[in-house]
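So, here come the structures, one by one.
What follows is a pair of complexes built around chain A, which joins chain B in one and chain C in the other.
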Partner chain A sequence: MMRAQVWWACVRLGALHRFAYRMEVLSAVVSAAVVVFLNASVWNAVVDGRPGLAGLSPVEVSTYAVIAWIATIVSATRLDEILGARVRDGQIATDLIKPLDLHLWLILRDLGRAGASAALTAAPVLVLAASVFPFVWPSRVGSWLWVALSMVLATLIGGQLAFLIGLVAFRLKNVSGLAHFKASATAVLSGAVVPVQAMPDALRDVVVWLPFQGMSHTPAMLFLEQLDGAGVTRALGVQAAWVVGLFLACRWSWARAIDHLTVQGG
Partner chain B sequence: MTRVITAWVAQRVKVRLAYRGDFVFQALGDAVITLVGLFLIATIFTHVPDVRGWDVHELLVCWGMAEACLGTFWVVFQGIYAINRTYILGGELDRLLLRPVDPFVQILLDNLHLEDVPVIGLGLVVLMIGAHGAGVVWGPAEIVMLPVMVVSGALVIGGLLTAVTALGFWVHHQGSAIGLAYQLTVYGRYPLDFLPRPLAILVSTAMPFTFAGFLPATWFLDRPEWHPYAAIQPLVGVTLMFAAHRFWTWSSHRYASTGT
Partner chain C sequence: MTALVEVTDLVRTFQVRPRRRGVVGALRDLVSGRSVEVAALSGVSLTVGAGEIVGYIGPNGAGKSTTIKCVTGILKPTSGTVRVCGLDPWKERSAHVRNIGVVFGQRTQLWWDLAVVEALDLLAAVFEVPPDLYRSRLGALQELLDLQPLLRTPVRELSLGQRVRCDLAAALLHAPRVVLLDEPTIGLDVAVKHKIRAFVRDLAARDGVAVLLTTHDLGDVESLCHRVVLVDRGAAVFEGTLDALRARLGGRRRLVVTTRGPIPAVARDQLAARLGVVVGELAPDRVEITFAAGQSASPIVAAALEVLGATVDDLSLAEPSIEEVVAAFYAEQRS
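Showing the complex of A and B:
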């Protein structure tokens, strides 16, 4: 029971951290709106006057473009840079002597961050975008539940991928370049830039075997109600399997990375 | 003056090449972002022949132009990102004010970001590929205007962001205002008729980033309806930069040293 309270505190602190600076909350909304609106503008122009694209109707393409980017904004994290910075300035040493598991602590804190970001950034941008661009809301209440669950799994995927990148800092000492590369790669491979079903065949065949699509394509498909009952279970199952797989990968890499740790500074 | 500037640039190159690995990594990182954009355009045109009447070649010209302007901006104007933190809040401006060179120019020269030169090259290559496909005939008007427009485009972005930076003399913690203004540059890459009306108006008036991408690009395309706007682009760039510099210098009189 005690442990559950500790972990909940991690989630809560991660969220509170986001609420702390009002100007930052506002600028997060504006910058998210800029990219979401750009993506929606371009894809709207593409389907303008056409019957649809890759099996989606024009309004669905527009909605996908909005939801997929918003999902990336929630699920993509700077956890890799945070972990990298802690290694670079030596703070990692104090982290290691705390009676907390660093991996779980960072992941849960990031879940809190994502929750706050969903409420403070994603929700206002979603409402704004839906009022400017052609948009279709889910018709069933149940779909919201699946989207919410899918977003939690998406965040756990994004957080653990970032954790793995951050661990590279244990050897390279500097991950900011790698973190930027990961951010660009994630935007492409998750379906945020180009919907997965509109990707060139060769790329799509690779993407379906990667974890990134769970970060925005899956929530977008659930939002659009493009999947039947079995399809929903399967999509969420694939996301959950990636969460477990990445969890094991993190544990294994974490155990090995500690052996290579050099603490900087005194 | 020219000798001073040349010496400054040479010094800057030496400083940067001291960490060669980091230099290369940074240059690569910026190129990846460009590749994402090209991937988007390439994929779109596997599905449709044109987007609201614009074909792939025309879009590549717009994109290449925007990229070349942005690259030039990054190389020259990197310093304005440091103004608030280092020079105003950190009090570094003291040192510059004692020298007989315009402090704003000193800030720019001290922070030249040469690792972004490849971005300009990449933009020009994309523009050339697009121009070739669109059947652009390179006459004197095109050859002269290309460098003029790339530089003016950089001045448009630089001018606007300099004005935003000058606000830092009035409100000390301006936070991410400059980052937010910068983000709007992405809209300059696409034809104005791609954008919803309010956005199209925003990027052609209050935040005229369309002058750093789409509008100058039309100069090279068979789009006579846009040519008048393209023709005044150099004037817009120079005027904006001039006004912003005046505003910056005027605002800088409010600077109070930190005493360090």
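Showing the complex of A and C:
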């Protein structure tokens, strides 16, 4: 375990990395805007002239389509590919010569990355999308608080899922296939592409038990104020349970993966 | 002298999957790859004491990097023991890494996109160096390694020599008692090499740091190392001083005599007969007398002066170069 000062330094590092290249910051905004606009356009077309969809009014569907994608932009991470690449080229050696808990280190770094993404990418795209598409803002200040908390939990879920996949690299040396699979699975199962309510019953029954919906469906529902008091507690509780569950899975896997590490290259 | 690094009978094996050739071979590998056990280290022992610089040398693939990885604690030994400052690097990694500073010449431990000073700040936080100590150490390192102009530069924009200097500073911020240098001078120009050598020499002499150095640059070894360990095919094949290595291999010393005017052939033969050594002609006015490394030069100098007399203009004595010695050693091991 590390001290608070180190935690903070680490969160800061994640954010600093995000600011390193001006063009990257700009292109992240542009590509996020394109995807969000595409998704929102499709769903606005779907509900056009209808009373709503799966209990959501047209304007709520439109808002869901925007928020769910933006949440994924913040919570989905390339940590798996980063960790995989460090194992593949042996750079992992330089992480292991520092008195760091690599799991916490990478997760906190990802939190910093997510914070920077929220400020630099998500916020401008949100404002832009809200001014173009039918959109409802939360009516209560408290909802913002729940959304923020939910986004932190969403990021911790995304980060730890990616960490687990990255650990596979310790055995297999290559994770890009798995990482791609995870990225597609996340987009579909989180509700970012299709709102969870609108999924076929059989799929929805499975999806609500998976961690992915915590990465965008839950924040979107909180943003739309679709949940009552107990519902909010339950939704955040499920997210928190996944954070804890994945935390334990990461600890357990890390202890085993490190035994199999062979640092490549001279 | 207390040994800070103790490696005893270190063995490390790897599972390797030999690949078949071509596309068909690659496809067959996907389905039925068989793995083979290969021993990278088969019983290496070595020690490094406080204030000592030990050169760890050997041909490519000899097991140098594997040893360093086991000593840094990033690789689990298959068998044998490694102790650094009394700790097991593998089992007590987080306590152990506070005792060591590592420089991998071929990669950086700094963060590619951060400015050097940001990276050093972060490392100081990670290693929990108290702020006032950090300030004074950074000041000293800045001076010694000439870092001042580099601090604001992102790591990715540094030249190789600048990067290695910054990596050295990074490795020493937490004042480690053991420093592991894995090919620290690879690819560096002569001036930077000299600077780094002087720095490392001081580190051992002044601060009593134990230094384990792997290198292919025998200039590093010759100018720095008190002792060398030669490793080949996973086993230590020699341990001792450079002089001991020279003596053991029977390296050759050379006395070159230059005269005013040509040296008659008869004088050369006379010298050879008298000393029982080889006398070669380098130029009409220059001969080279070759003799064993263990032999004293004075009787040979005396004989040369006596036979060639007042025509002798200059004498120079050359020791066998460490390059020759090590090359001879590798050759001996392979035969």
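Please note the rule applied: the second predicted complex is superposed on the first by the 264 of 266 C-alpha atoms of A that agree within 3 Å, B and C clash if a C-alpha of one lies under 4 Å from a C-alpha of the other, contacts with A are read in each partner's own complex, and residues count from 1 in each chain.
Methods note: contacts are C-beta pairs under 8 Å (C-beta built on N, C-alpha and C of every residue); 3 or more make two chains touch, one makes a residue touch a chain.
Please read all numbers here as calculations on a predicted model, not as lab measurements.
Of the two partner chains placed by superposition, A:L149 touches none, neither chain B nor chain C. With both structures placed on the common chain, the touch criterion links A:H180 to chain B but leaves chain C unconnected. Touch criterion not met for A:A249: it reaches neither chain B nor chain C.
Of the two partner chains placed around the shared chain by superposition, chain B is the only one that A:S27 touches, whereas chain C remains out of contact.
In the overlay built on the shared chain, the residue A:M199 is in contact with chain B alone; chain C does not reach it. When the shared chain is aligned, chain C comes close enough to touch A:V6, but chain B does not. Annotation: chain A has no residue touching chain B in one complex and chain C in the other.
Contacts from chain B toward chain A in the complex involve residues 22, 25-26, 28-29, 32-33, 35-36, 39-40, 43-44, 46-48, 51-52, 175-177, 179-180, 183-184, 186-187, 190, 193-196, 198-199.
If you check the complex, the residues on chain A that touch chain C are 2-3, 5-6, 9, 13, 16-17, 20-21, 90-94, 96-101, 259, 261-263, 265-266. On the chain C side of its complex with chain A, the touching residues are 14, 65, 69, 72-76, 93-95, 97-98, 100, 102, 104, 106-109, 111, 113-114, 118, 121-123, 125-128, 154, 183. Within the complex formed with chain B, the chain A residues making contact are 23-24, 27, 30-31, 34-35, 37-38, 41-42, 45-46, 48, 50, 53-54, 132-133, 174, 177, 180-181, 184-185, 187-188, 193-194, 198-200.
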